[in-house]
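Quick heads-up: structures coming right below.
What follows is a pair of complexes built around chain A, which joins chain B in one and chain C in the other.
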Partner chain A sequence: MNVFRAILWKDLLTEWRRRERVLSMLVFTLLLVVIFHFALPGGAGPANRAAAPGLLWAATLFASILGLGRSLSPELENDALSGLALVPGDRGYVLLGKATATWLILLAVEGVLAGLFLALFEISIGARAGALLAVLGLGTGGIASIGTLLASLSSRSRFGEVLLPLLLFPLLVPILIAAADATAAILAGDPPSSGSVRLLVVIDVVYLVVSFVSFEYVLEE
Partner chain B sequence: MQGPPADPIARAARRALPATGIVLAGLTVVYAWVVWNAPPDRVQGVIQKILYVHPPLAFAAYLGFLITGVAGALYLVRRDDAYDRLASAAAEVGVLFATLMLITGPIWARGTWGRWWSWDLRLTLTLLLWFVYVAYLLLRTFTEGSERIARFAAVYGIAGLAVIPLNYFAVQLSQGSIHPENLERGSLGPGMGLPFLLGVLTTLTAFLFLLALRVDVGELRARARARLERAWARGEAA
Partner chain C sequence: MSPTARPSALRAVRVEKRFGHVPALRGVDLELRPGALVAILGPNGAGKTTVLRVLAGLVRPSAGRVEFPGAPRDRRLARAHVGYVGHATFLYPALTARENLVFAARLHGVADPARRAGELLVEEGLEAVADRPAGTFSRGMAQRLALARGRVHDPAFLLLDEPWSGLDPRWAARLGERLAELRQAGRGLAVVTHDVGRAAEVADSFVLLSGGRVAATLPGPSEPEALEAVLRESAAA
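On to the complex of A and B.
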């Protein structure tokens, strides 16, 4: 657990000092909103309210690639990864720490993005803000855990930046579907269907277990 | 170089090659003849005969992906390169069969449903799975060092296997299926049972033949590389 806390603290502190991941993701998602606006007939406004949940999660998926790539690449400098491999206890806690840091950073970006979407598409959610935040947290949990695992593979391969989305996106489609479904219900003023929320929880658990267990094999060498 | 392979998987593959090759050749002839003479479907006409090709391809593709995941997990536990060669061979052959399935599917769909593609449950699932295993092969291509390739690929192969049920429930959540549930209900029309059975047998034999061939080639390649490295080491020592 100490390893988890130390890694989480280190990643959040470096991010706080440099703010490079938050800023790059934030600017990127704003750009995506502009692109969506010109790509959609009727633009990013009330006319396309039904598309908002899907677009919100699509933007999140695209932005997550930037954040995940930068989560592992600093560890490759000066071979810091070998140092991480020497942590006492289960190496899965290294992944857990890095994934949690990425989760928090992604959530911060998504919070801004969601607020922007609510304003642009003229949706008022009022008391359901908590439910929306919960769905954002659940959906992002799966992205952060399996994403950190796959970024640790791709960052040490040639063309890693190209490889990461190819590896990651097919595994994120179930999250996109379930999270967009739940988000659509919340934005429409209904409680999210139990099926979508249950699926999000199951995905989070499965991806967390797979990442935690197999990170051991990624770090050794 | 000429001796029998050292590991049991490659030995079994090489021993199985001639037999599966002969059985495959025989089955293919019988299969083609039976399909040619099978009665055309009353509603769909001749296009329905894709039934004898398309689902068997799917069975073989899914079998390949299952082998990739399991063999990858076994590699991580036992650290025997033979399992990695089996995993990568199964992924390559699986991608081949899945590609053929994704080509024959739209042809059949155009003929019966009237459109090339529908985002239905099984189509979408198979497409996603195809993406996972193409990414698996790309990961192998872009990673360096045979030991690291084996390790990384095994990790991704296991993740790829875990995503199948997740994708299933997710796509089911987003829409229903227009794919028939024929197989579960056993409702093949009269005269369709035999050609379908032969299709499954022939396709699975073809799968095993290609898998054995690919495992054998992988093993020979590994031995050649080992010999080359030994020769280099000797040259440096001299």
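On to the complex of A and C.
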């Protein structure tokens, strides 16, 4: 757990000082919202409102790819990734620390993104904000764990920037389906279906375990 | 056996490594013992850095094995006994020198990371710049910080790849003294270098690599001229 805490502290401190990931993701999501605003002619009409959950999660996935692509950049300067490979014990705790930092950063950006979407589609959720945050957290959990693993794998490849989305998008489809379904229910004023929430929890656990175990070998040449 | 029991040696046994179809190491045997310093010499592409990275657990051998006699068999735990200073510094430019060392100490479970970081900063003469971001450091200062980082957990075996790189004469001499102190304290050391003169000053045995093989092993102190001659012979062969 020392390793987990150390990595989490280092990643958040580095991000606080550089603001590299947060700023690029925020600018990107802002642009996406502006594009959606002009691309959807009906404004906040019923048809567009129905599409809002899917669009929110599509935007989330694109922003996540951007953030994950940069999550390893501090590790690539000065080959610090090799320094992390020297940790005694399970290297999975390195992944856990990095994925948790990414999860927190993505969640902060998604909070802003969700606020913009709600304003764009003139949707008021009031007391359901907590439920929306929980669904965002669950959906982002899977993205952060498997995304950190694949970002590490692709970081040493010449084609890393192309490889990451190619590997990641197919694995994110189940998250997209379940999270968009749960979000649609919340935006419509209903509780999210237990099936969607359960699916998100199962995906989070499976992706986290697979990533934790595999990371031991990802850090070796 | 306690998980923290210090190993009696660090040993590469018939280690081979291929990168794709390119062989980098071909059956290398090498042993580091506590209190001894082995200099690994050889021309470019001989496999010096690869063998060091295999010993550190950064590169998985294609065949053969790395042993830590006397330590737990689990190589994940055995990593606690190895320190590695490579070509790259492993430093985070956005963190200060002190934060870099505290971070490394925390990774290795050092009991009091702040105190250990303070000690090392003094030893490396970096206390005046301890709270400056590492990204603002000169090459030599970054190298000194990297050397401190490599031994933050006081490893039983310290592996150093071109450790004099970027150091001015004063700090290069200081590094030689530090290596002697570490040997006296019972640490096993391996140094990869092209600087035969420095290797002759600090090492008590020499391994000459050529084409991924051990071309010669010279026990005991050697004169730089004798080492140069063996190096030329092995390169010609």
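By definition in this document, the second predicted complex is superposed on the first by the 214 of 221 C-alpha atoms of A that agree within 3 Å, B and C clash if a C-alpha of one lies under 4 Å from a C-alpha of the other, contacts with A are read in each partner's own complex, and residues count from 1 in each chain.
Basically, contacts are C-beta pairs under 8 Å (C-beta built on N, C-alpha and C of every residue); 3 or more make two chains touch, one makes a residue touch a chain.
Small disclaimer: the values here were computed from a predicted structure and weren't measured.
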First, second, both or neither for A:82, with chain B first and chain C second: second
Touched partner set for A:131, first chain B, second chain C, both or neither: neither
Chain B versus chain C as contact partner of A:218, first or second or both or neither: first
First (chain B), second (chain C), both or neither touched by A:108: neither
Touching partner for A:210 - first (chain B), second (chain C), both, neither: first
Touched partner set for A:178, first chain B, second chain C, both or neither: first
Contacts of A:149 with chain B and chain C, given as first, second, both or neither: first
Overlap of chain C and chain B interfaces on chain A (superposed complexes): 217, 220-221
Residue ranges of chain A touching chain C (in the complex, touch as defined): 2-3, 5-7, 9-10, 13-14, 17-18, 74, 77-80, 82-91, 216-217, 219-221
Chain C residues touching chain A - in the complex, by the definition given at the top: 53, 56-60, 76-80, 82-84, 86-95, 99, 103-104, 106-109, 149
Touching residues (chain side chain B, partner chain A) in the complex: 76, 128-129, 131-132, 134-135, 138-139, 142-144, 147-148, 151-152, 154-156, 158-160, 162-163, 166-167, 169-171, 173-174
Complex contact set, residues of chain A against chain B: 146, 149-150, 153-154, 156-160, 163, 166-167, 169-171, 173-175, 177-178, 181, 193, 195-196, 199, 202-203, 206-207, 210, 214, 217-218, 220-221
